[in-house]
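These are the structures, in structure tokens.
The two complexes that follow have chain A in common; it is paired with chain B in the first and with chain C in the second.
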Partner chain A sequence: MKTLIIHCWHAMASIRLTIILCILLTLNAAWGYFCLHGNASLYMPMNDMGLIPWAKTYGRSSLLLTAWFFLLLFLLALLVCNTFTCTTDRVYRLLRAGKTTSPMCLAFKLAPHLMHYALIIILAGYLCSYLFSQVLTGQTLVPGTHLSLPGAKGQVTFTSFAPEYYQGQRLDFFTDHILTPRAHLLLSSENSTREAILTATRPVRFQGYTLHMIDFAPKSLGGMNMPTRIDLHIRKDPGVFLYLSGMALFSIGLLFYVCEWILLKEVNKQSV
Partner chain B sequence: MISTHTALQAACLFYGLAFIASLTTLQHRRVLIAALLIPGLAASLLIVVLRYHQAWPMLPLHLTPVAVLLCLGLLYPIAANAAESALQQPVQRSLLAAMVLVAACTLCFPKDFYLPFVKSKTLFAHAFLVFGAIGKACFLVSVSWALAALMQTRHAYSTSHLHRAMHRCHFWTVWGFALWTISMFNGGLWSYFGWGTPVVWEDPAILTTMSAWFFYACFLHLHLTRSWTLTGRAACAVVGGLAVLALTFLPDLGPFRNPLQL
Partner chain C sequence: MKMSTLFLPLTAILLILGLCACDGNRSATDDGTRPAFLQIGEFAVNRLSAERIDVRDGAGRTLVLIPRDAPMPTGVDPNRVVRIPVERVVAYGYFEVATLLALGVLDETLVGVTTPQDRWYIPEVRRGMEEGRIAFIGDASAIDFERLKLQQPELVLTWDPSIIPLLNTLNIPVVVTTTPQAMCLGARMSFVKFLAPFFHREQEAEAFFNRIDDTLRDIRARTAAAPQQPKVMWGDVYEKRVMVEPGNSWVGELVGLAQSNYQFRDIFGASCIEISVERFLYSGQDADILFTYRDRKSGATSKEALGRLNALIKDIAPLKPEGRVYAPLPHYHQSGDKLDEILFEISAILHPELYPGYRLRYFDELPDTDPVITKDSAYDHF
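The block that comes next holds the complex of A and B.
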């Protein structure tokens, strides 16, 4: 049994498998582009309903257009296993040999492995996001109204709308158009009350939820006779922290790798 | 006032002439190429400035091909710099050919009619464009070096040239991969801050970006593990690189428009 596990581990840790998987993922993503092009409406609900309900409905009903996506999930799962086993093998060897090398040198040598682990964290974060996110769509607020967050004792009140307009007349279409829809919110919990500004690109975090502005009205100065409103998506996404941490880790690893590569390998002009 | 279309026509003309000059055997060929590249570069810069001026602080949509053109022009003096003329010429020619191709495609299939949108008013959107364009330019440079390496395989005496060319190919691939990754991360952050989701399915460009990322991850693994022969890796960099890079340009190209129309 132990031999079988070791055999499977080594087979999974093969760099040849990495290369094959990367080629397959390249081809799969290219295939996905042609399936997604013009059929985005088939995939968009996944962001709100999550992966499993989407797979059971949209995914299953249009299998010709979504097969690439299921294959992508399978290939990514294999890539994660392959990356984990391969990287762990190498890190183990490095750490064992690391007793004789300087900490800085060891940090440089560990940089590529950090990137590999970070990739796994990013992919795990995305998966968590699509499996466990709670999304409340279609939450509309007008000034003075409020909404309560499910399972939380907090309340969000939309106090006022203070937009910023497009300056100058560089693009006719945007003359007097709102560029930054700035909504002032009052976030009240049991113990405290604070103000927050929500814009189209700056969500607000409150009691584990994130409030995202999806749409707003009026869109321009001329449309001010339209009632002011903001449309929100409220999300509780446990994957965000994971994939943002993964990106930060990957960036650190990349920085170390590029530094090492410039400082050492490029100077020494190693052979190819 | 000069329009972006006219500036693109001028860029295309100057890059085309520079490419023709690179094919000649003139004594002052390098000076001539430089003299033709500078106005081409100025025209590319003008398009980027004009588009940015209109859209600022939002992101001008589908600007990537022109931004890549500008980056290639700026990288050209460093990218095509090699001690051996046997390597320099093919790299220069293929880089100029790439510039002409990108300029011609952008001119014939423009997609500059899309208006910017409010959600693109974020630093992440601009970083996504800038890093992506530089990354793509680096990948094109790496393809040029791989092409130069492939040309060396015909001569038995040029093993050292082949090694040097592939070394440069790897150098540019690493830079391209690092910048491409940073661009993708910025895209991910833009998606999260703008829509609250990890992926914005409305834009299929995410898949061409992903495809290029996996291809270059594969190429770097091939290089670092020396799994294939140098010629095999060079062929992979040329054929695969050109295919995935062409794919990444697809989302930024629109319907055909007469390139000579004023």
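The block that comes next holds the complex of A and C.
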């Protein structure tokens, strides 16, 4: 049994497998490109309903168009296993050899492996997002109305809409169009009340939820007389912490890697 | 590691996918005729059981359809629960009303509209308004909510999500019938299948869909050997804005299907999407046919009149004597239940040589200039 595990571990840690997986992922992405073309509406619901319900409905009913995605998940899972085993193998060897080198030198040598671990954490974070996020879709608010967050005692009130309009001269057809839709919100909890500004690119965090502006009206001054409204998606995403941690770890690894590269450059210069 | 070792798991996963595909094809409701899950563009119908259907509307909201006598499901917002078959509906747009007509439920269910009686061309609606069954609940931008409440609707079909918060306070479920992206041809012809479960009219929806499908087959067959591929534009230039139908809309797809070139096929987005005037003029340089949004009442009486309305477009090819411009007739927008006839007519416009003797019923070809009304002809008119 032990031999089998060791055999599997070595097979999984093979760099040849990495190359084959990368080629397969590229081919799969090319296949995905053609499946995605004109079929975006098939994949968009995954953002709010999550991976499993999506796979059971949209994914399953249009398997000819979604098979590439399931294969992508499988290949990514293999790549993660391959990266983990391969990286751990090398880290183990480095740590054993590290007893004779300085801590700084060891840290420099570990930098690329840190980035590999970070990549795994980022991918795990996204998987976590698509598996466990709680999303409330299509929450529409007009000025003066409010909504309550499920499982929390908070209330979100849409107080006013103060958009920023295009006032430039160069794009005539864009005159009076909204550049930044700014919604003023009043966030009330049991103990406190605070104001927040929500825009299309800046979500608001409140009681563990993030509020995202998905759509708004009107889009410009004049034109159709559309009543003022904002459409929100409200998310509770446990994956955010994971992939932000992964990104931070990746940045640290990158920093060490760059430092080592600069130092090596200096050493090479001096030796010349 | 040998290559064959790698391909073993890959073959396994492909086999599993294949099996899932076979299983997916079998996933149907108890009667074996309706698929358990149906995607219609950005809409979806998911038959979870005989007692529960989840639908996803154009705004991505999930509504739960349950029998009229079923207990309220737990964990669902009561404003998103619709008891079926629905018996009283308020519909905002012509498209929704035409879909009710296609399903054969308009007479029994429609109780409110946002267009006054004198602007309706559907006899069933006019009659319903005369008899007081169907109420005008105010213009879409100024709804009389008290009047709406008096009609006691069980469902409101709307393109305007801004009414949702107020209707939530009145405990009236809302279905948003428009989508962020334009409806493709498939979604347009299948939309009846989205509304059908609300009224238990799945068979009528299937019959409607098959009718349109037959028409499209006929169009494809007729135009397969079309001698020419006309270049087509669908849109209009207004005072400050230029609006067109994008390439992903049903119009764009139909033009392509009928062996013609849609000039805005590279534009993707919402129906009636705004583009720059330069792009419109560029596409208009070599176009053969222009379909306008305007009808006669809004000034589309002749090519010359269109040129007068906006001098910028007077030099585009369709407005020249050899070009062709078509404006919708007033009843066109209310004729969604006759989608097959509309598709047929558009194909006949694109390839008149393949449809000899066809007389237009939904569009009007604009003359080069407005007819001159002399004193005598004016008397003749009377």
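The criterion applied here is as follows: the second predicted complex is superposed on the first by the 255 of 272 C-alpha atoms of A that agree within 3 Å, B and C clash if a C-alpha of one lies under 4 Å from a C-alpha of the other, contacts with A are read in each partner's own complex, and residues count from 1 in each chain.
Note that in this section contacts are C-beta pairs under 8 Å (C-beta built on N, C-alpha and C of every residue); 3 or more make two chains touch, one makes a residue touch a chain.
In this text the structure is predicted, and so the values were computed from the model without any measurement.
**Q** Does chain B (first) or chain C (second) touch A:Phe173, or do both, or does neither?
**A** A:Phe173 sits against chain B and chain C alike.
**Q** With both structures superposed, pick whichever of chain B and chain C touches the larger number of chain A residues.
**A** B
**Q** First (chain B), second (chain C), both or neither: which does A:Ser251 touch?
**A** first
**Q** Tell me the contact category for A:Thr101 with respect to chain B and chain C: first, second, both or neither.
**A** Touch partners of A:Thr101: none, neither chain B nor chain C.
**Q** Does the superposition put A:Arg16 against chain B (first), chain C (second), both, or neither?
**A** In the superposition, A:Arg16 touches chain B and chain C alike.
**Q** Please work out whether A:Arg235 is in contact with chain B alone, chain C alone, both, or neither, and reply first, second, both or neither.
**A** The first partner, chain B, only.
**Q** For A:Tyr130, is the partner it touches chain B (first), chain C (second), both, or none of the two (neither)?
**A** first
**Q** May I ask you to decide whether A:Met46 touches chain B, chain C, both, or neither, giving the answer as first, second, both or neither?
**A** It touches chain B, and chain C stays clear.
**Q** Using the superposition described at the top, list the residues of chain A that contact chain B and also contact chain C.
**A** 16, 40, 44, 173
**Q** Which stretch or stretches of chain C touch chain A in the complex?
**A** Listed in rising order, the residues of chain C that touch chain A are 1, 3, 5-6, 9-10, 13-14, 17, 20-21, 23-24, 27, 35, 37-39, 41-42, 44, 46, 56-57, 59-62, 141, 160-162, 164-166, 176, 179-181, 184, 240-242, 248, 274, 276-277.
**Q** Which positions of chain A touch chain B when the two form their complex?
**A** Per the touch definition, chain A meets chain B at residues 15-16, 18-19, 22-23, 25-27, 29-30, 32-33, 36-37, 40, 43-44, 46-47, 125-126, 129-130, 170-171, 173-174, 178-181, 200-203, 210, 212, 214, 233, 235, 237, 239-240, 243-244, 247, 250-251, 254, 258, 261, 266, 269, 271-272.
**Q** For the complex, give me every residue of chain A touching chain C.
**A** 11, 14, 16-17, 20, 24, 38, 40-42, 44-45, 48, 57-58, 60-64, 67, 70-71, 74, 78, 137-138, 140-142, 145, 173, 175, 215, 217, 222-223, 225-229, 231
**Q** Sort out for me which residues of chain B touch chain A in the complex.
**A** Within the complex, chain B touches chain A at residues 53-58, 115-116, 118-119, 121-122, 163, 166-167, 170-171, 174, 178, 181-182, 185, 188-190, 192-199, 201-204, 207-208, 210-212, 214-215, 217-218, 221-223, 225, 227, 230, 240, 244, 247, 250-251.
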